[in-house]
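Okay, handing you the structure first.
Should a chain be cited, it is by its letter among A, B, C and D, assigned in written order, with residues numbered from 1 in that chain.
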Amino acid sequence: GGAKETPVVPGGKPTIRLLTDATGIDDKSFNAAAWRGIVEFYGDTGGNTSRRGAFYDVVTAQTQDMYIPNLKQAADEGYDLIAVTGFTWADSLNEVAPLYPDQNFMIVDVDYVTQPNVMNFVYREEQGSYLVGMVAALQAKEDGIANPRFGFIGGVPGATITKFEMGYIQGIRSVFPNAPIVDYYTNDWGKPELAKAQAKSWYDTGVYAVYSAAGGSGNGTIAQAKEYRAQGRNVWAIGVDSDQYADGLYDGTKSSVLTSMIKKVESSSLYALHAVENGTFTGTVVAMSLADDGVGYSAANPELSKNVIAQVEAAKADIINGKITIYGTYKEALANNAAPAGLSARDD
Amino acid sequence: MNLFFNAIPSILMIVSPILIVAIGGMICERSGVVNIALEGLMGLGACATASAHVLMETAGMGAPSIWLALLIGSLVGMLFSVIHAFASINLKANQTISGTGINLLADGVTIFAAQVLFSADRTRGFRMGMQTDALGIYPTVYIAIGVVILSWFVLYRLPFGMHLRACGEHPSAADSVGINVKGIRYFGVLTSGFLAGLAGGCIVLTQTIQYTSNTINGRGFIALAAVSFGRWRPAGVAAAALLFGVAQALYLFTGGIPALKALPSEVFNIMPYLITLIALVVFSGKNYAPLASGQPYEKGAS
Amino acid sequence: MKNRLSGKTLSVSRRLMDSQGFTSLMVVLLGFLVGTILVALVGRNPLNLYKAILQALTGYNVDNGRMNVRYIGETLNYSVPFILCGFSLAFAARTGLFNIGGEGQYIMGMTVAQVIALLGPQVPFLHAALAIVCATLIGALWGGVVGLLKARYEVSEVVSTIMLNYIALYLSRIICLQLPGATTFRTANFPTTAVIDNSFLQRLTNNSLLNSGFFLMIIAVVLYWFIMEKTSLGFGLRATGFNKEAARNSGIPVVKSIALSMAFAGAFAGLAGGIVALGSFKYGRVISGMDNYGFNGIAVALVGNNTAIGTMLAGFLFGMLKNAQALMQGKQIPKEITFIIQGLIVVFISLRSALDLYRQWNDKKRLQKEVLAK
Amino acid sequence: MGYAIEMLDITKTFPGIIANDNITLQVKENEVHALLGENGAGKSTLMSVLFGSYSPDAGTIRLRGDDVKIFSPNVATELGIGMVHQHFKLVHNYTVTENIVLGMEPRSRFGLLDLGSARKRVEQISEQYGLHVDADALVEDITVGQQQRVEILKTLYRNADIIIFDEPTAVLTPQEIDELMDIIRLLKKEGKTIILITHKLKEIKAVADRCTVLRRGKSINTVTVADVSERQLAEMMVGRSVEFSIKKKPLHAGNVVLSIRNLTVKDALDTVKVNDLSIDVHAGEIVGIAGVDGNGQSELMYGLTGLSPIASGQILLDGKDISDMTIRERIERGLGHIPEDRQKHGLVGPFSIGENITLKDYFKGPFSASYGILNHPAMDERGVRLIKEFDIRAGQGTATPAGSLSGGNQQKVIVAREIELSPQVLLVAQPTRGLDVGAIEYIRGRLIAERDKGKAILLISFELDEIMNLCDTIATISKGSIVGIFAQGEVTEHDIGLMMAGTRKNEGGVHTV
């Protein structure tokens, strides 16, 4: 096994191939983040990827039936580490990893590829989402809004997205225990027009902030928030995965993205690469939480009040030290009265 | 009902680009050339518009940037439609072939261009797209209405329009009275390219913040359906596009109904397509397609 | 092609020009040429493009001199749905219909194959066979509806297939979400009786995904050729395609022909869906986007000129490019290049008609010379 | 008087064919000049050269003594040359007015279409030349004869003083032909120069002053019509002596094989086209249906063959009602059909002759073995045999695509197919439309041979000549009903013409509520 065909490791750094789904490394989500971590590891930057090809590269699979062949191909070509992102890869990886026992693999967002040569990374998105929910709620309070409403837009429903929604709701409810919350799933990662129409309709009916975890569809929410803020209306979008402050910019430093739930997938690639480099790579599950700085929120928006940030930082500490429990599934959240009934979230 | 009225601006936002490109497709077919490349041309226009807008906005150009970008997008759409025009008018090729080719090509070319311009698979996000007026309506809506009225005016009130329609029905009749069939068909195809580019630009500027490979997402094909469903007439096409838009936004004003909430949410995604299909069957009957549409024109006597 | 110069010996170049196969080949080469230039223009080494293609075709890796037949297997496996979806367009095209609905038919085939795989009787061989048959049948139904709407209500097949593609996508989600063990992106694993992997082919191709679907595809190619060219059914369908009115007047049941032809078309795409579902995956997928095999089938059939052999070769080309695409990216060639090459090839197919025009012009010139010389 | 048009040494080639070989045609000012020739003689090509649709390979054109280069129809139009094409160049869903002004529309001040003044102008011209048509009617709703008037009006609207008519009478009824002759005379009186292409000698005798005869791309002669007989003209045209009258054995009618009872057929718009029509056809008999185009003849055929559903009534074939049967079942029961529109209903263009000849029984007998597998050799065998038997001229034998055949040969393929099936009843519509003398002779002969074999034939033709000569029984149709049935010889062409003319006032069938 272990078709190490090109053990040329110039400069002693390990080599890595990132495999992505059809959206590629510019998805602004985990692929982009994983890529960022890789690039950073070699001292390159997004604009200058001079070591690409020599140390690291990426292959995008157009369809899901390319997953297994792409994994095998990468193993053939001999990289020190092969990285995949997202639960859609889990089955393929589970099948391929045992065929190449000497090959190191890592996967993000999954904790059940229990092979000795696969490092699993899972993120506690509900924690980061809790913080951004709280940011939104506190900012609303700060703005003197008596009974603010909040919205959540998801892409295709599923357990992962539900973690985002539940954390967000609990964050809001920690400030306004009875805040009305609405949600909507576009059922499609690429329909920004639906997200935009929904966000507009919500903003028009008094929703203060809309958090979207909907891939490309989320762009619609940001676009709508930009327009309304430019018109002087006090509504916000909340970004996801990476800091979307810049995406929300509409005038100078003014951004319609109040904050973003940041999921640092780059830390996974960095973590795994360092492990390979130091010879400590093992097949484990690595949980990335607030404590590990794996998730977080962005305070980039200058309109965010210091006061809000201070309170959120306090909550962050409480989450880390376990004083605050956050439920990641709708079932649990409902059972603990932490989320309202009638939402579209799904736990599977 | 109130919900419905609130949703009108969103519906119009969704409908406008579809309507603009559908009118383009209609004019093209009326001149005798079927253009299934609308989808790809929209993508090219959208990508060009987004890129131009980002670059000009960054360069400090103010509000005119949007309009200039829109024009650039339209021109790019038109430019690529020349391929289709040349293949189907000069080479008398099967019109579905070059159309399909452009659709495939657009997938590659747009992302490739984004790679070259922004080193990414998508264009950089722009700061501000189009903004609504006091009524909450986007300029694209007025553009769309303008395009519909203008197309009606040109087709039915100008001698040129009469020539154009004749080329789609009976090109050799048109030829025999000295009408330049090739020229008019070029006009038809290039107009559809221009309008497809414009529609693509309208989509990026009103519905999102950048161009991605997913931005058009089948709307060029929906426009093709609207042309046929609208019976190749401006008002009909407008009605068809509107119906589709309303069905798309159905969730917004019926989503609150508890009985409907029990349904799988995918039902709402299916609605626009199902309603259009049913409407097509219900309003079926005579075939209203221009007689010569889709057939290359061979000059000849007899 | 009308050849009014009978009796004269034709030059070799002229004979080549007359051959559809040759022009297709030239068009493909032209597409690659432009693609190569583009690669060079963005500062990458075009040689890598061809290294990737060579490896996808032969399994030979130029860089390290190793051979791995698995790549051939993957190329063949990717080709299967391309070819079958190509037939979906081609079959309809031969009856005068433009079937953009391959994608929807493919999705429905995939969906039903998954349903049967998870709920059907777990009898070896029969289980998988049933799933494949049902996938083919639902494809036939999904296409046949289009034919019926067209024949009975004059609903343009272009429009109805577009609608049915999207309906299929979301319907598939609704259905698959009800299947055992369904999460939002997958179902439970298939029982082993349902999958169609083939240990012989796997051994032969060093464990590629190539599966029994390959044989089904070969059968489909033969069937397509046989039905079209050799049976009275195909005769009636082709007659309908060329001249619906004359076919009707001759007693050929045109409504039935159109519905039947769309059903056959759908069956091919449905089969593709079934093969991909049971051959390339061990669990059911709850899809949230399209695989685009159906759409690409349009291009495949156009390049293959709707013939059995042509479509098969074009499908191999697309399968090869798909496999090469992954190899290329490892060599820093942008993946968009393959889309651009595919698009260019299809655009250049129009050059076939340019050749016809040239031929006519050439004949005319020659004849004029002959006439004026007299 | 000088020449209005001189075409000198015109040569025009098409791939493989010299359509015009050094032809010279000189047309005097204000004469009616006929251009006579068999199909493919090069008449249309020559006129297309004159009208600027084709450019000649060699030769010059002079207009009233001056050399002109006519490189497009626009130039021809500007020079005052107009052409009424063999196949009308009319946009079906445009009104009469729109069609007439198309390309030269009157415009209002802002460049808008001014259909109001267009209409006035059209009405004024039609008044002046007595060419009455409803200016607001859609072209698809008017009769063929009226459509031809629209074509003539188009040339007049463009101020043509030289008007070319390409086979104008091929599609007209006898009355319409007479009217056209009157129109031509009137045009001549108004000072126009007319070039008239035709195969029909009678027409030349009726209106033409001089006549140029073309044969196989060459001009044979130009004669003054008054000086030659029809027979002489015909011989010049075909290059041999011709037989005019048809020889036919006396009628031996058998049982009624086809009985049409109270048949009503509606068109797609639910208009009654065939109205309660009844007629019988006996074995060994040819029944002809004479009538003005548009009185339900086509729909009668569609109803009988099954191309259209029938609204009510019965069609009895050998006593069995076939009106609910599919087209194929009717064919199986012995119903043959030579359709009016041979391109549309008769042939599959890209299919070979062999395939076209088995189009109705390919799924049976020797052509398809069990399990529906085609037997190409059997098809080819039949093709070869019938090509020989019916003297079909085809470059690549049985493999020749039917679409590449000439009109006459296409018709022979259809006739061969139908006769080969040996149906009890043969429905025949316009069997010789647009064919040349030789082909006409041949096809009429075959029909009579079938009759003599005891087949029942129902013939529809707009050419009274054909009806009078071929048919044992003649029926006249009007507004979808039979208005009179006579035995051959009982009536004169004139009587039938009148009967048909009597129905001319409101054409287009009866509208239901």
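Keep in mind that, in the parts below, contacts are C-beta pairs under 8 Å (C-beta built on N, C-alpha and C of every residue); 3 or more make two chains touch, one makes a residue touch a chain.
All of these numbers come straight from a predicted model, not from anything done at the bench.
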item	value
Fewest hops from subunit A to subunit B - one hop per pair of touching chains	1
Rounded Å distance between subunit A and subunit C, as computed from the means of their C-alpha atoms	37
Distance between chain centroids, defined by C-alpha means - subunit C, subunit D (Å)	45
Subunit B-subunit C separation of Cα centroids, rounded to whole Å	27
Chain centre separation (subunit A, subunit D; CA means) in Å	75
Multi-partner residues of subunit C (each touching 2 or more other chains)	170, 173
Contacts with two or more other chains, residues of subunit D listed in rising order	none
Residue list for subunit B, restricted to those that touch at least two other chains	266, 269, 286
Touch relationships between chains, expressed as pairs	A-B, A-C, B-C, B-D, C-D
Subunit C - residues contacting subunit B, complex	38, 42, 98, 100, 149, 153-156, 158-160, 162-164, 166-167, 170-171, 173-174, 177, 296, 298-299, 302, 334, 336-354, 356-357
Complex contacts: residues of subunit C adjacent to subunit A	64, 66, 68, 70-71, 74, 77-78, 170, 173, 182-186, 207-209, 276, 280-283, 285, 288-289, 291-293, 322-323, 325-327, 329-332, 335
Residue ranges of subunit A in contact with subunit B within the complex	24-26, 46-47, 157, 184-185, 187-194, 196-198, 200-201, 204-205, 216, 219-220, 222-223, 226-227, 230-231, 246-247, 249-251, 342, 344
Subunit D residues touching subunit C - in the complex, by the definition given at the top	11, 13-18, 21, 57-58, 305, 307, 326-328, 330-332, 337, 339, 344-351, 355, 359-360, 362-363, 367-368, 371-374, 395-396, 401, 404
Subunit B residues touching subunit A - in the complex, by the definition given at the top	3, 6-7, 9-11, 13-14, 119-122, 125, 127-129, 131-132, 203, 206-210, 212, 214-215, 217, 248-249, 251-252, 255, 261, 265-266, 268-269
